[in-house]
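In the part that follows, the structures are each spelled out as structure tokens.
Two complexes follow with chain A in common, the first pairing it with chain B and the second with chain C.
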Partner chain A sequence: MSATLLTPESPEVAEPEEAKPDRLRPILATVWRWTSALGVALIIFSILLLTKGANPFQALGDMFKLTFTSSRSVQEIFIQMAPLVLGALAVAVPARAGLTNVGGEGQIIIGAVAACGAFLFLGDSAPGGLIIVAMFAASMIAGALWAGIAALMRLWAGVNEAISTLLLNFVALDILLFLIYQPWRESRTGQPTTRELVDTAKLPVISGTQVHIGIIIAVVVTVIVWAVMRYTRWGFKIAVAGGNAEAARRSGLNVSMLVLSALMIGGALAGLAGMIHFAGVEYKLRPGFGYQLGYTSFLACWLARHQPFPILVAAFVFASLSVAGDSLQLDSSLPAATINVLTALILMAVLGWTAKRKVSV
Partner chain B sequence: MEQHVGPRRPLLAVLGLTKHFAAVKANTEVSLEVWPGEVHALVGENGAGKSTLLKMIYGVYHPDAGQMIVEGTEAVIDSPAEARRLGIGMVFQDLRLVPALTVAENIALAIPTGVTLKLRALSQQIREASDKHGLSVDPNAKVGHLSIGERQRVEILKVLMTGAKLVILDEPTSVLAPQEVEALFSVVEHLRSQDFGILIVTHKLDEVRTIANTATVLRGGRTILENVKPSDYTNDELIEAMVGKSVSDLTRRASTVVTTDRAMALTMTGINAKGDQGNLALKGISLTIAPGELVGIAGVAGSGQRELCEVALGLRPPVTGEVTIVGKKIGNPRDALSAGAASIPEDPVADSIVGRLTVLHHMVLNGRRLPAGKVGIDWQTVKSTTDTNNDRLGLHIAATSRNVSELSGGNIQRVILTRELSLDAELVVAAYPSRGLDIANVRRTQEILLECRDKGAGVLMVSEDLDELMSIADRILVMHDGHISGEIINADFDRQRIGQLMIGGAA
Partner chain C sequence: MSLIVDVLSGGVRGGTSIMYGALGETVSERAGVINLGTEGSMLMGALGGYIVCVETGSPWLGALAGALAGAALSLLHAYLVVWRGASQFASGLTLLFLALGLTSLFGATYVGKPVDGFSRWDVPLLSDIPVIGTVLFQQDPLVYLSFAVVPFIWWLLFKTRAGLLIRTAGERSESLTVHGYSVKAVRAGAVTAGGFLAGIGGAHLSIAYANAWFENMVSGRGFIAVALVIFAVWSPIRVMGGAYLFGMALALGSALQARGYNVNQFALDAIPFVLTLAVLALLGKKTVSSSPAELKKVFENAPPT
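Now for the complex of A and B:
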């Protein structure tokens, strides 16, 4: 035997500590997957345009030009992006704890309702700064409590949060409709809306633009969420609970509290999204307030694989598509819904393309 | 190899296979042959690259370099489906059956049976194949109700029914009780007599000697011994080939801890507890473990060992009865952990492993306070404590930056062992602590458990390996059907008597 005096050379032991995974390669791989997926989606979409008798190069080129070269529509993109970012973070945080929050739609409505309530309660005479602060606080607390209902249903009755958050969306919509048709309605005769915010309670715009500060809030919150998930104890604990609840329980973590807190933080973020959409764009509650914002955010979060910074990119893509949809309609007389086809194609292409290849056994 | 004459040729010849995962050289130029009618044992320490090699042969991983020759023709095995087409079948260590379905339904999922499921005909086929190979598998049984050994036989049957001539078994015995190992080996023996080829991984040398005609030893991803006859080598020579050094026998020693005036490490009084199916799994259990005492739990698998450990750790609330650890009453897992409990779970992958996290992350999941940094957790401290503990315990865990989900089976166990056994615990509850470990690490783990005991911890150790228990325990409790059917003190250890107690016979 020749092997006698060798030291054990098991790769486990011999592996140098510096053998950290190459950081650049996964990023490049992600970028490549995204670009190729977008490419495929665009090709399919072009074929579709052809069958409709439109020239795809013309249509796509115009769409691109109208969307990204006019200052107005670029600003519009950033305005639409802000609540999408927050709504997607509202999905990402619970997802980290292994929870599916489909309740963004309702939490956004409830956040806006609470913000509006705070404004109506304080009235015109209160100083503008106070009103805004109260609106922010109310929206986040209300969103958190609304999501907390779903968390408690899960903890007490074992109801899956994907179902309960979804059902609560319909309840939230009913509450909104009740308020704007009845107690909060501005006038008996006009549209069913609430009174418009006073100017001091509206979100200020970034100077030199029409873009309200919601986008800045969204970016700052993204950084905070990233840092909390990455560096804090709580961030670590929800990752453990989300990765393997039994392992979390066995290591003494309070899994119930982690579920509750993660879902409530998600709700607070969605409530915040509702607040900035309300105080930055709509200024009044109306029947279609924030329509589909929650669901679009949910998709954006999936597109970003639940990661904070990619969420910024995904929200930008969705906001651009939505703005492009408007220009497409104006320009090439294609129905606005055409853009939904492109959105769906992109979503499917990116998700399908980037799914981890499962080893089939 | 030249001793095989005539027209026979190997079922499989592997030549110079290489597979590297980034910096990890899992396999480097590995070669071996499996002949019809041969049981070929693949052995080597944890992380040696055994599972990686098997997965390349079964088409799960793709080699970086090297050749595979199946029955004389070079083959590119790029998927498990291709492997099955070539007559290669594999039983993984973590069995992949659907518990809610019957045996026949599970097999139907694996076999292309056309559009309509002809379950009745399939059941008949299963019965015939099962009889032919001596597997005693009932096609109509629900998989969820079968023991691990029975499930393994279902997997083997499934592999045989998909037309395999070469059957690969990755560590089949490490989850089996001794009686189940015997049953498995008689199946393997039967397959050998039918000219099947079998490639089997095991960490136990006596199993190699019982079952294998040929052995290949891997170390650090390279073949150290290739297609040799085990009988040409002594145990020491084989061990040295596997781990690069000799492994001494465990010297048994009695506990010297003075226990007067100290609270009992563990007391359980009048415990009745339900199992997962709602049945009464523990029936009136009372026991105490003193500080500095190592108590072994013997018993046939499923006699309540799992529930006993869980109740002791506050993980499973008992229906009646009381648990204390060093005098503190235990109501939930937090109580047990803060009283100073440490535990090695029965199934570490299911119960302690969080797939996306690194080894370092796992080192803090022990219920002790997280070391505080400026923001959040001070990972630097965790790292240096881990390094110190790793040097002290000597189980050589994987680099702390590695993701646990890519570690080999034995290396996952070593991470958990290092974390839990470095805690200076008051009570250590260790379920099958040496499961999946190579010889050197089994010995080292037993020594560490004795060191814990000598430092004053009470140790509760569950094992199905009587030899292991008899060589290390101060006292053995035998469990049968949720009861403690007998207690034997160190000096009187007697295999026969323990065996009788395990099947419920009177002491």
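Now for the complex of A and C:
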């Protein structure tokens, strides 16, 4: 009996349109799930704050006020949300084909490394537009190839992609560190970083704000992914392969190509996430670049049940929590990482309460 | 010669915390549960061990507290995946975030506090043996403990009834049910025991290796432990060798740099991972086929292509 518990259900195949009243119920269930999970998590978090001598009402109140009323924080949420959305889509597309991509962390880094490499190759004097285009292309190709290693290992040697993508994260991190500590290091004496991206190649901001256009890119890509999943032959085929590979093979689908393409597209999306984080926020590579972005994206995708539009909501929630952590540090002088407790509690509430109805990896 | 001794000795010193984590992960995975929260258990162990060591002055009590803190976090993983049927990957990562948050919340006041942790203790006579003595017997007590823990875990897994139950939970859980055992209880026990070991590994970092606590001090060693288990094909003995190999790769860079060689540490750091990937690619089917069968179900959403 418990064996079945551990066997993850395959991602659902796009269902035909249902009648209207039936569509309302899952929405209400979702709303209920989120509010109750949030409530319980907040209560436990408050108790923890109490043990540290902080007044939870004041700390949380200030945290929410600072996070959602200051225009600076709200803008920061949208800035942080963009790579999370793309990183989560990078998990969702392979998941549709029945693949577990735990390699977002590495693919994001490789995407940023390729973007930075494209910039360093073209040099400061190249036109900004050219650098941006080159960075987009380089990051997506590099991310796709990086994930492709895992796909090929699965196809040729039967190595599971969850293992290989996880291992590749560390290789990617070491490549990043190798480059910024030696060949790409700006100066021998200062911090180990690369040269800053020229202003003309930085992602433009949405006028009147400090939010770079990454969020627009992320939303557009979400719509594209949704449409591709729902309306194209390829989207249908990978869902079939993800549902039952044997049946798919017997009905004449090239399952190997579908595995390869789904994982590589996932990698390209993660590479893109790395690129917009690089060209929109960081402008240079440093040792902690993109730290935990990939794992956070994985959880955001899981929370959204691998569905494109819910991913936007989940990414918003995670980005808000991250900004709330900074607010907490400013207001209550607790470490910013404290907010991870609240994030984890929310996830645990959702994991514990809803997993039985639908298990997904 | 002194370079080789330095690297070997550093490999043992630095590899020990990873080894404890990987031994814990081995027990857990043998029962069919992958725990990405091992990194979190090590963090809990590092802080738990540090706090108790600072407050009581006893490193042994610290190591015990670290082990219990690691076990507590793994118990949550066991609850979520065994009883609530949650995704093992999502649950493990969630607990990592929980541990990151808890340890930074409760660890903030301990940053920079002096600790009187384990100190090096040379084993009489044995430590005088050239090379081997320096490498293996001029270490801290938790390293010596690990010399006993590795064969113990091997014995536990392969020679005892408990080990048989754990392995059956990982290979053919339905036959446990047939014989009236609770698969859930066995898995939960194995996962929690795994967290206990990972907690010791964390405590080794904070009160024997670094003698300090700082935020996120485990910095990926728990994930290395997860990778190491695959590299070691779920064998505790090979985990030991693998951990020292990972440790040596970490020690080689600084040993070379200390002698004036200009090497890049990170190229060396990548070696164990690239090696693991290469081994998997070459022996992939063999390695994967020797993994616990129930674990394969976790990995495989779809039948193998």
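The rule we apply is simple: the second predicted complex is superposed on the first by the 334 of 361 C-alpha atoms of A that agree within 3 Å, B and C clash if a C-alpha of one lies under 4 Å from a C-alpha of the other, contacts with A are read in each partner's own complex, and residues count from 1 in each chain.
Here is the rule we use: a contact is a pair of C-beta atoms (placed from the backbone, for glycine too) under 8 Å apart; a residue touches a chain by one contact, two chains touch by 3 or more.
Source: prediction; values computed, not measured.
J.: According to the stated criteria, A:113 is in contact with first (chain B), second (chain C), both, or neither; which is it?
T.: In the superposition, A:113 touches no partner, neither chain B nor chain C.
J.: Tell me which partner A:168 touches in the superposition: chain B (first), chain C (second), both or neither.
T.: Only chain C is touched by A:168; chain B is not.
J.: Once the two complexes are aligned on chain A, which partner has more residues of chain A within touching range, chain B or chain C?
T.: Residues of chain A touched, chain B against chain C: more for C.
J.: Figure out whether A:232 sits in contact with chain B (first) or chain C (second), or with both, or with neither.
T.: First partner only.
J.: Who does A:221 touch here: chain B (first), chain C (second), both, or neither?
T.: In the superposition, A:221 contacts neither chain B nor chain C.
J.: Can A:251 be said to touch chain B (first), chain C (second), both, or neither?
T.: first
J.: Touch test for A:82: chain B only (first), chain C only (second), both, or neither?
T.: neither
J.: Classify the contacts of A:240 with the two partner chains as first (chain B alone), second (chain C alone), both, or neither.
T.: Touch status of A:240: first partner only.
J.: Is A:347 touching anything from chain B or chain C once the two structures are fitted on A? First, second, both or neither.
T.: A:347 contacts chain C only, not chain B.
J.: Tell me the contact category for A:90 with respect to chain B and chain C: first, second, both or neither.
T.: A:90: touches no partner chain.
J.: Would you mind listing the overlap between the chain B footprint and the chain C footprint on chain A?
T.: Common interface on chain A, chain B vs chain C: 1, 3, 6-8, 10-11, 243-244, 246, 359-361.
J.: Quick check on the complex: what are the chain A residues that touch chain C?
T.: Contact set of chain A toward chain C: 1-3, 5-8, 10-11, 48, 52, 95, 97-100, 102, 153-160, 162-164, 166-171, 173-175, 177-178, 181-182, 241-246, 255-256, 259, 295, 298-299, 302, 334-345, 347-348, 351-353, 355-356, 359-361.
J.: Please output the residues of chain A touching chain B within their complex, sorted ascending.
T.: Touch list, chain A to chain B: 1, 3-4, 6-17, 19-22, 227, 231-233, 235-236, 239-240, 243-244, 246-252, 254, 359-361.
J.: With touch defined as at the start, can you tell me which chain B residues reach chain A in the complex?
T.: Where chain B meets chain A, its residues are 22-26, 45-49, 60, 79-81, 92, 96, 219-222, 224-225, 237, 240-241, 243-245, 313, 315, 333-334, 337-338, 343, 345, 350-357, 361, 365-367, 370, 375-377, 396-402, 407-408, 411.
J.: Within their complex, state which residues of chain C touch chain A.
T.: 32, 36, 76, 79-82, 84-91, 93-98, 100-102, 104-106, 108, 173-174, 177, 183-184, 187, 215-216, 220, 223-224, 226-227, 230, 264-267, 269-270, 273-274, 276-277, 280-285, 287-288, 294, 296-305
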